[in-house]
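Structures for review follow.
One chain, subunit A, links the two complexes that follow: it is found with subunit B in the first and with subunit C in the second.
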Partner chain A sequence: MTAPPIAQSDPFLDELRSILGPDGVRADKPARWNRTRVPAPFPVHRWADYAPDVVVLPRTAQEIAGVVRLANRHGIPVVPRAGATGLNDGAVPLRRGIIVDVKRMNQIREIDLVDRTVTVGPGINMLKLNEELRKHGVMFPDDPASYPCSLVGGRIGTSGWSLIGGRYGHTRDLVISFEIVLPTGEIIRVGDGGGRKIRKSSTGYQLKHLFMGHQGTLGIVTEATLELVPRPEVEFAAFFHYPSFQAAYESTGALTKSGLATLAGVVLFDEWKLRYLRRDDEAYIPQAENVRAVVATAMYGTRDEVKPAARRLVRTARESGGTYLGDEVSQGDWAARHDRYATPLHGRLRTTGQVVPMSWHCEDAAINYSALPQVMEEWHAIADRIIDRYGIFDDWGMFFYTNAAHKPWGDYLVEIDIGIWEQKLDDVNWAGWVEAKHDIAAVALKYGGSITACHGATREGDAELAAEEMGGGFEVMKAIKRVLDPNNIMNPGKYELDTAYDPNAPSPFSGRRTGGN
Partner chain B sequence: MLGFLLSRQRPPEARRINDDVIMRFDHVYEVAPGKMDLFPQQDIPAWDTLRIVASRWDHLAWMHDHWADSVLGVEELESEADDPDLDGIQASGVPSG
Partner chain C sequence: MTADAPYDPTSDGELQQEFVEQWRNAAYGCFSSGHKFCREVCPVMQVTRNENHTPTAFHANVVAMEQGAYGIADVAEDYVHCTQCGACELRCPNTLFTGDFYRNRTQTVKLVKAMRALAVDSGVEQPHWKRWIEATVDRRNEPVLEVPVEQERVRDWAEGLDLATGGETVLFVDCEAAFFRTSVARSTAQVLNAAGVEFGLMREQWCCGGPASEMGYTAHARNFAEHNVADWRAIGARRIITLDPHDYITFTEDYPTYFGAAYDFEILHITELVADLVRDGKLTFTQPIERVVTYHDPCRLNKRKGIHESPREILRAIPGLTFKDVDHVTQWSYCSGAGAGLAIEKPEITAEISRRRVTQAADLGVDALVSACVWSERPLSEQGAKLEQPLDVIDLMELVAQAAGVDGRGVTAVRSGGAVAGVRGGEASRGAPEALA
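Moving on to the complex of A and B:
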């Protein structure tokens, strides 16, 4: 897809305005450049590479359908954007074109307390939604690290992971059905079968899952019907420390297999993470040297359920070598986990220990419990390599989060947090980072994992490995993409799906376009 | 009423906690100045540091309240461990941490 850039006076903009009204089309530089990036670090001198040509702010599905049909006629890329809080590049317009920003579609359309659903626009944020739902004694328990700032549409686009998914499930489990504008402009609803509020059906293909995590390559979600659960009477958070990673790892296994239904999540902190926290985190600086690894646990539910379960959980943790860190650290740290984007970030230079401003690059994968120690060692070795070689990176340690829905055992969302001195990113050390990112993803595949549990494989470095992970399934993905999006207008360049149309299509990451005025 | 006096807003003298960390207010840890040569720490008046700390606690309390009606801690569990209806921690014979 190589449509020419759209000029400010282009008649195409007038066509867009005829669909969206004058306040629904923004071609000015601030509107476009504010929607060029996501939080993941990227060299500032290359921002122009992926600036959109125009931003539209629709209010209805019909307006979006009109935009998509127009884009098909002109062969112009369309990229949906919700909160744009993703730690990969799903919302970044790799081939420029039109950004469809859904933030004005933030209405609560129906709260059904009888059948326990809420129907919303894709632009609503979960925190704001839950403030309203609280009045009715219910909640929508989708809890990403970006909880206060991400939006429902983006959660569907990435098939998001939830911190408390071990109890309540993840985004794919919590979205019952949704309306989507297809790449050719038709508006359909997908779910489990056809009913808008039906959670389980055996009719037809499971289309909801096809469009869950499509990263904007198969359309734009315009409405979603979501699960409601009772607002918890009580929250219980308990953090335990251990003298070694191995002890904490074994305790994590015992805790996650405890069978306690109210257990919402377990998080294992490795020894690198503890060294980082002891260096720079208020709660961990005063901890004794024998605090080498931590396991965080949390439960939600009625008081009658949680209280006895919490006793058993504490006993299990202690029997498996854990020492309680105290209510203040446990409760304070857990509350902060709902919002990991509010942390002011700095890192250290390995050579001098000097503090420098750093941005957070979070690499994720889904890995089985049995392979966690090996993956940890290999990922840190990769981090060590680039820290020593380039001098602008820092290893902030790893977390291992329970990853399965409704059952906190088996596989884990594994993340390594890398600090990057973003102002120093030039072409050489960016290439070094991309290579490291590729190597990190390759380790995940080597151990039978998935290269991403929640971010999506849409960023230079790991995007190239999506086909390898999918195997024969990638050919099916390409076939679906060709059928649903015959002109490749929906978020082209993602997942290397351009090769569905041309086996020799150029990578979106190697070609440069300039002129981002 | 004297109004605002900058001299009263100077933070207390720093105490060294370890090679990398100092403390001016209890439980408020700061990177040691020697580690901040490239990016010197800005001067922050006492009221602003205390405001930031208080705001953080407000935020955490708000988040707890947002997610559940109440928060249960291990200290509360242990204080009620003799409750015969519950599977008490002390009764398990496992030493507490």
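Moving on to the complex of A and C:
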């Protein structure tokens, strides 16, 4: 028998309990195993390799600071976990250690209707927060597909994207400031500068943006002050159909360049997506065969703004070749956007057409408008290759979403949905999947894009290319990591940041050796 | 040893292997999704914020058991943290997207019951449940506390009402309604009389067996069922009226699995029947009730059975009543915390779930919360009484009785005596199993 890891030794657990109290520390297997994975594809056959050593359930920033200082003394990894609903694996421990699960920090600490902010703990969910805010006629408009389940801490950790970000901005625009426990245990507050409710400042470096999307590698967020906006008087959704992807693509360009300020988002469905929805999504409203691509639009705001803008939007869509799809799909599908996060969870084998249980996975990238058609063709070709080679994948089509806050015209969150028959995962199939991820990310870079618009790029298959995407910036990132986390305890292995400490550090992923220069 | 030392799955024997074989595909359906839409709608999770208590974890544990990572003894206590309200099933993407076509609803409630049964069958018992079930077997009804529960007193609630025994239609009244909040039973019986509905009581009324089934004591549950069904057959019953949503679930979901096609009773819930009677003009509301109320959707009616219209229809028909409604979908995330034995094993969690529920009601500016589940009314009443502006908790049938001009007051001094007029419910906590000792 081997000795238990330090993090599971009685003296260490006693130290943790002295910080968190007895109910704040769990070392039993179910507690640890159930805090190992996220919805991203997971090598379930290697579950045991990723289970953390111990779980802590803090209630305060001081408790977290105590845990982090203890971890530094012993050199034990620390991985923060909020909702664990990410499609990257920021919350999956690569080196075991301590999981800091912040779900108990879900309090609303202040609602300020005068300066229009709400201050919360990182463990609160947006839907639950908005249930409270509704009473005051305001909302926090961070609205990802995971709106019913993701938590504010994770939104900051991944620098999330919001479905209505074109109108209201994304997580980084909507979080005014936040408190974070640094990797060495100090507690600081970062914002644009000034007090915690100041949105724009020119003092110093923009530290909020440094820690936004840190994926747990630079600390643990313990409180956030968020934007409040008036609840919209009107939500207007309109779906249009087109005879081809090309027609829909051109119309998307016309719609997003219209300059309509209430335009919250535009979503383009490609021909593969339409075929898939017809084939296997029983919830999808039936459409005529000549419907080959769809564009969804949504506007939010006051009645006085949206009513005339909607007329103009519909006119623009029609003039650019679109046909209105009808109220049922326009209202019903838009209302169900959150639920559509999870597609039908079954797919088909190309060889036999057999229906099998498949989990959904979505690869994302940020791509400029001009490159969307090429990226689409090349991504589907990659999907085709693994479908033929491995027999456990299915291509569920692509979505293109407007990406930038308040500027919906220039770049897009591009997603390809792939079904994976997870019960069949083994080392060979897993390696095939990782290789496909890598190739998908490489296409994004080839066309001047980013590996990811919202999921994060810490994951096997992506992380090896992060250095390439960032160029000289990756050296700065490593230098920052070294300074802030001298003992490399915060979520080690992610982004291949081990090379910040040792240029020859082995990759944590499948023997692949890149990262850094 | 290390905490991750290999676990020997054979140590739990064939029972666990059979269980895993039965549940592995369903568990994968959740595991491979992993989105946890269920989490924030789960009443227990909203309180404990412990990922061990999520429906996601309940399914993932099956996958871990299949891998031989751990066994029933490691997880049995986690499965106590469930009221079997069914919210997670409704919110599950698998249900939402494959439900209609493939008849596939994520079955977390069934899984929790099966896991609890595996625990009991494997000798892993929860101490308070064990004593509760033993007492229920002993007394033929649940030991609802503070009042003497004995088989010979199971009809005391009907004293002076001159109710028949037997007949084609039976009013089923057990446990909490028969012994504790008797005003619910008396109100129901007199409302049925006023509307001209002919019905009788059973010869010997036992607990429905649902709680035993929910806690994993399947053999005991079956015994209760066999007794009750034999009694129904002996008195020629064809139609069973339930006033307790828990009974309604047991008779419509558990009993058919015990008796198969031979089980051909019509099972009605009282809110559906009363709504029909009002609609048909057989029951009229003559007494205005000048109160401001909201309605608590009992989980087993709303989330498990889709019954949410009839109670609202009844409330809207009562003259004088100001009804501030919260829609039934929002109420997916509401609960009293009383169900599936949580109150017996973890009374502090039940109390907190109830506290949140009455606070939500109080925020609407109402002076009473109307429920249609007798089990919810004790913990809700306890918490309602503690509010700065105390909030009454009233059963819908108590309110209906008053509007129909009949006296539904209970016979036990269950502080619920006055039903509508200032009911605060009891101070007793259902979850004080020490009292059983």
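In this section, the second predicted complex is superposed on the first by the 492 of 517 C-alpha atoms of A that agree within 3 Å, B and C clash if a C-alpha of one lies under 4 Å from a C-alpha of the other, contacts with A are read in each partner's own complex, and residues count from 1 in each chain.
Rule of thumb we're sticking to: a contact is a pair of C-beta atoms (placed from the backbone, for glycine too) under 8 Å apart; a residue touches a chain by one contact, two chains touch by 3 or more.
Computed from a predicted model, the values in this text were never measured in an experiment.
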| item | value |
| --- | --- |
| Touched partner set for A:I111, first subunit B, second subunit C, both or neither | neither |
| Partner chain in contact with A:A310 - subunit B first, subunit C second, else both or neither | first |
| Subunit B versus subunit C as contact partner of A:N130, first or second or both or neither | first |
| Which of subunit B and subunit C A:M358 touches, first, second, both or neither | second |
| Which of subunit B and subunit C A:T85 touches, first, second, both or neither | second |
| Touched partner set for A:F240, first subunit B, second subunit C, both or neither | first |
| Which superposed partner A:V434 touches (first subunit B, second subunit C, both, neither) | neither |
| Touched partner set for A:V44, first subunit B, second subunit C, both or neither | second |
| Touched partner set for A:R35, first subunit B, second subunit C, both or neither | second |
| Footprint overlap on subunit A, comparing subunit B with subunit C | 127, 282, 339, 346, 357 |
| Partner subunit B, residues of subunit A touching it in the complex | 127, 130-131, 134, 231-238, 240, 279-280, 282, 285-286, 300, 303, 306-308, 310-312, 314-315, 318-319, 322-324, 327, 330-332, 335-336, 338-339, 346, 348-349, 353-357 |
| Subunit C contact footprint on subunit A (complex, rising order) | 1-5, 8, 26-35, 37-39, 42, 44, 47-48, 51, 53, 57, 83-85, 101, 103-104, 106, 123, 125, 127-128, 135, 146, 148-149, 281-283, 339, 341-346, 357-360, 420, 422-423 |
| Sites on subunit B touched by subunit A in the complex | 17-18, 20-21, 27-29, 31, 35-39, 59-61, 63-64, 66-75, 77, 81, 86-89, 92, 94-97 |
| Interfacial residue positions of subunit C with respect to subunit A in the complex | 1-5, 7, 25, 28-29, 31-37, 39-41, 46, 49-52, 54, 56-57, 60-61, 63-64, 67, 69-70, 74-75, 78, 91, 93-94, 96-98, 100-102, 363 |
